[in-house]
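Next up: the structures, one after another.
Paired with subunit B in one complex and with subunit C in the other, subunit A is shared by the two complexes that follow.
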Partner chain A sequence: MSKPYVIRVSSQKGGVGKTTASVNLAMAMSLAGSKVLLIDADFINPSVGIHLGIEGANTGVRAVLLGKSTLEGSVVRHNPSGLDVLPGEIVSRPHNPTVAQMQRLFKQVFKSTYNFVIMDTPPGFFPDEEFGNFGEAIIVTTPEMSSCVSAVRLANDYDRSHLKHGLVVNKFRNKGYELHINEMEEMYDGTILAVLPDSEIVPIGVSERIPAYLMNRRAPFSSAIGQLAEKYITKMGFEFQAKKSNGLLARIAAAFRLLFGRG
Partner chain B sequence: MAQPYLVRVSSQKGGVGKTTISVNLAIILKALGYSVLLVDDDYVNPVVAMHLGLEEVGSGFRAVQRGRTRLASVTTIHPPTGLHVLCGELSQKQYDPNPESIARFARMLHQTKYDFVVMDTPPGFTKEVFVNIDEALIVMTPDMQATTSAIRSSQIFDRYHIRHSLVVNRVRRRAFELSPREIESAYGARVEAAFPEDDSVPMSIAAHIPAYLYRKRAPFSRAMLDFSRIYSARGEQKESGAGGQGFLSRLLGLFRRG
Partner chain C sequence: MHRAYAAALLALSMLATLAIGQSATATFTANVNVFCPYNILINTQASYPILGNVASTFTVQGLSSFCSDPSATGQLQIIDNANSAVAYSNEVDVGPINTVATTYNFQFPTSELVNAVYNAQISLTSGPYTNSITSSFQMLNAPSLDITGFSGDSSPSKGALQTFTASITNNGQYATSPITVDLSVSGPESATSNTVVSALSPYQTENVIFQLSGVTDFSGSYTASIVANTIFNSVEISSNTETFGYSVPGNTGGGSGPTSSPTPTGPSIVQLPQLSIISAPIFTSLTTGSSAVYSMTFQSTSQSTEIVNFSVGNVNFGAASFSPVLHPSTATSGIRKQQSFVQLAAAAAQDPALVTLSTKSLVLGPGQQSTINLFFNAPQNLTPGTYVVPLNITVSAANKTNSQVQFLTFSVQSNSGQYPNIQPQVSLTNNTHTASGVIKITSPYNSSTSNFTLQTRIPLGVATSASQITAYGAPATVTSNGAYYVITWNIGYLPVGQQIYAYYTIENPQNQALLQRVNTVFVVPQAPAPQSVLRVLNINIPTFYTNYTNEIAASVLYTGITQSQITFVLTGPPGTLISGSTQQISASSNQQVSARFKVTTPSTPGTELLGLTISQGNSTQSYSLPVVVLPAAAASPASAGQHPGISINVQMKDIAIAAGAAAALALLVYAAVYIRSQGPGRPRYRKDRSEQLIRIREQIKRSDQVE
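On to the complex of A and B.
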């Protein structure tokens, strides 16, 4: 059995959409048939729980870090999607885990049977010692200068630590004052994995506690997330189970099956 | 001599607009006739210079903070406005702020001749950063994630008796947003200002000109001006030693501008 593939979702600048990307990517992978664990390792501002409507869990990543609980004992199942989540605890004092504590978490992660582990991280830095545990890193950026400059800086850090990385552009509006995709590609000097359009279904999803991908899989944001999920799943040699369409016809058919008890 | 009013613009959550608010508050206070120093203390992502279109030079920020260089020798002047700026310095690794040097730095800032010192702060601060300052200005966006982080910040500030106030940025007045009233009831105090979501802000940043100078009549600039006028009274109160910030003193602040 192979070890889970751990993807670190990161950025130096805050507010670019790390949590949005993490939550929706994990959801899309899970709905496509992979076994996925989403870890909220943003110790500064944990908000995966808010996105998924599972805030208030009494255990989470901190308990595992401190050795007070096991990974299995702290994972929460997001019922609508079957995604497993290790939530972050909201505490009044942010806590930076030590390298030894992170190793304790990774040890349990690598013993688990997940195909993918998506780790949401705080803005800023992580000790280099931990980079060896990640299969790769996603750098999230918005199409503006300040956030791209910090993305390039982070990419340099990863290069120095020999960690593979790819760029995800979020909140893309295709406006004149934004950076163009080509400009970002040139600055970053690497692959752009996905371009996620700016879309109101994201904030609406957060306010409803239903991730955008789950709310509407046909929205442009969701299809971009779906393609990213497919890239990862096929790259790792798993099968991408395209969900039955949830279009009008399929829904009518489902209603008929329900009504007449067929199939 | 009166001491400057030291405000740290802060939030636990990133990307809410700390730098935008810091830069424009400083620019407007300067335009209202105060002498202002803008300090970029965001060592994770220092972008004040980028917002102002200043040449990025090795700023010497850390040297000043450690007391090895004089502040005046590393301050840059923003040519269009004459605003004094201490540009940020990037720390390659997780910068571990030494509480003693932070406290000394704040004391040193208090001994300057400025009316206001506005400091931009990285997301995810610790309480040590707030030693010897007059106020923490919390910036948030009208969503749940930013609200919980603002409440968390306010709890930290309350515990250490740090004066704090709250402004909401990027308000679109949409149904899925939290309303200022909801935010107030969650935060337990008044929301001092609501700045509208406005395309002139990203446009101004792309042009390296602060939004207030880029389009004075844009909704964001107007709201920022109104807020800064009221805000300017705080420096005056400190000077006169007056306590509260009642209606009269705020009115007085309005007349003192210019």
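On to the complex of A and C.
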């Protein structure tokens, strides 16, 4: 059994949609048949639990880092999707883990049976020592110059550490004031993994605690996420179980499962 | 952004509204504010009576969903058309304005208004904007009953019929419903009477005549009062109460009359031991200058032949309606003496030939019947009043003699020649088991009479139910009003000098004495002169242009009392086309009806004189309508007519059009700015920018190498 493939979802700039991408990508991969663990490693502004409605969990990544709990004992199951989540803890001061604490976490991650681990990380740089634990990094950006420049800086950092990375353009509105995809591609000098359209379904999903991908898989945003998930799953040699898109009834049922399966 | 969309769509909606306004002004009735397009339609009538509250409605419908306002407020103002003074003002309830047409009620008291033309104005305030609509209407006087000329004989003889006359006029501007007239008499005797006369159109007058018995039997002062009532719009309307005093003089021949009305008791026919009275008159009447024959039938109940002698005693004058009495001097054993006998003046002295008998003696075998006739002669100069004739009857058989006095009552009336003459009489027949009444009705010698009513009033004590009473000989109904059984006779027409008879019977009368109290009154409504029953409320003449079609509307209030056809005829000079120039509309009493004529003017400007005739029956009203035809160049694009009574503020409409154009311009400016802000619409590859980004990337890499 191979160790989990850990994907770091990152950005140099805040507010570009890392958590949105993380949550929905993990959700899509899980629903496609993979065993996925989503770790909220954004120690500054943990919000995965907010997206999934599990912010009230009484344990999480901090407990594992501190050795107060095991990974297995801290994972929370998101019942509507079957996704396992190691939530962050919303506390007053951000927790800056030490290298040893991170090693403790990764040690347990690599002992787990997950196919993929999606790690939502805080904006900015991450300790270089940890890069070796990631199989790949996703750099999330928005189609405007400042965000893209930040993405290039992060990409340069990954390049220096020989960490593979790909670019995900989020909040793409297809408007004249945005950068053209080719411009971003030329600037990034790498692969654009996905272009996620700006869609109301995302803030609605956050408001309703139902990830956009779970709410409507037919939406353009969800389609782009699904394609990204398929890329990773097939790339790693797993079978991508393309399930039928959820119709209205399925979505209603999912919503009910979410409501009554919570807690 | 959404606000900008809303503004744009609102402007478009406004333009659409204005377009509607051009082609369908019949529904575009409000002074529409451009920023809040909605219709207000006020549903007032052309006229209202000044009585109670006026209740009406108005309808509001928003023309755009952006006009929805949950907090609109409404104000009603009633404005005097003559001086623009606000006669009444109050808030009206109005709910949220949206695209669903909603009708709301409003009302105002007519006590604040007078007989004039007013405008009802409903104003709705929605935020900073106020829309209003005005409707014109007339306030008309509700039916008003006035009684005038109430009079009678100020000094009637004792026992004479008293005749009261009065005139009832409707001084309102609406027709009444049928009118009840109540007459009451108080004094030594009291009586009440009432009748229902037909409805009256505005300013119509009806004369009513009451002829009553039992209100002159005792000397003294009497007061009669009369009042009329009708119902209009569920409200009882009463006339003024008029009074009339009269006095009945005392006896002139000596003695004194009773001070209170005697109560009839006991049987009026007292049978003798050997003789049965089969039939006899109880109460008869005749007019002065006439004579009448009445009969009495006797049957012997003796086993032997008997001799019956008759004689007429002193005829008493002015003693109607007293108890059956016996002459004390002729009373015999077996006949109860009455203590209430009153010997009145001997009227026989006036004219010994007043009563004569066909025979003074009869010889009857066992069980044999025979009849005698009584001739009553009332010369022209005979004092009207009631005469009581004592008929002395003496029966002798087998050396046994019995005597009694049978009193017969005669009422003598003067023949005025002005009113129909009523001569009622009541007899007991069928071996006194049946009371038979005959009413002789004679028309005045110099005029015919039509549509008059008689009422025969039978005291309740006479019968146990109305089913014992049968009326025939003239159209009649038998009812009970709680005090009397009333036979109402409706006489359609009576030619000059002719007479008819009406008959009734009462089977097994319970109290024969009360039969003397049966009286008959009559009411003669004299046909009033025809008045106009058409009140023109509104003739709407809009502006005309050459070769132009518009609508002339006329509204009238029909104040006749029966359903009728109203005919509208509009005529014009050659070259003027009138569609539907003759229209007939059915109307009921107090109904408002309108006729609309489509008029197409000729090609030359000027003044056209149109003629409008509105008629109903014999009532016709004609109007000349000058129609000013303006040159077509000045014509408004409006092509449809206007609802009569609803004014459209043309100036406000023009302002609305201008404001709509401004809104459209604002929309275009906004669209230009918005499109510009959107840029080309798609991300555009710009090589210069891409090169710049690459330079930045290289700069980042170089900096990393330096570190």
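Observations, loosely collected:
In this text, the second predicted complex is superposed on the first by the 245 of 263 C-alpha atoms of A that agree within 3 Å, B and C clash if a C-alpha of one lies under 4 Å from a C-alpha of the other, contacts with A are read in each partner's own complex, and residues count from 1 in each chain.
Keep this in mind: contacts are C-beta pairs under 8 Å (C-beta built on N, C-alpha and C of every residue); 3 or more make two chains touch, one makes a residue touch a chain.
Everything numeric here is computed off the predicted structure, so don't read it as measured data.
When the shared chain is aligned, subunit C comes close enough to touch A:Ile181, but subunit B does not.
By the touch criterion defined above, A:Gly14 reaches subunit B but does not reach subunit C. Residue contacts after overlaying the shared chain place A:Ser47 against subunit B, while subunit C stays out of touching range.
In the superposed model, A:Ser207 lies in contact with subunit B only, and not with subunit C. Residue by residue along subunit A, subunit B and subunit C are tallied for touches, and B comes out ahead.
Once chain A of one complex is fitted onto chain A of the other, the partner contacts of A:Met145 extend to both subunit B and subunit C. Residue overlap on subunit A between the subunit B contacts of one complex and the subunit C contacts of the other covers 145, 149, 153, 175, 177-178.
Residues of subunit A that touch subunit C in their complex: 143, 145, 148-149, 152-153, 156-157, 160, 174-183, 186-189. The touching residues of subunit A, when paired with subunit B in their complex, are 12-16, 19, 44-45, 47, 50-51, 90, 92-94, 122-125, 127, 142, 144-146, 149-150, 153, 175, 177-178, 200, 203-204, 206-208.
Per the touch definition, subunit B reaches subunit A in the complex via residues 12-16, 19, 44-45, 47, 50-51, 90, 93-94, 122-124, 126, 141, 143-145, 148-149, 152, 155-156, 159, 174, 176-177, 199, 202-203, 205-207.
Across the complex, subunit C meets subunit A through its residues 678-686, 689-690, 693-694, 696-697, 700-701, 704.
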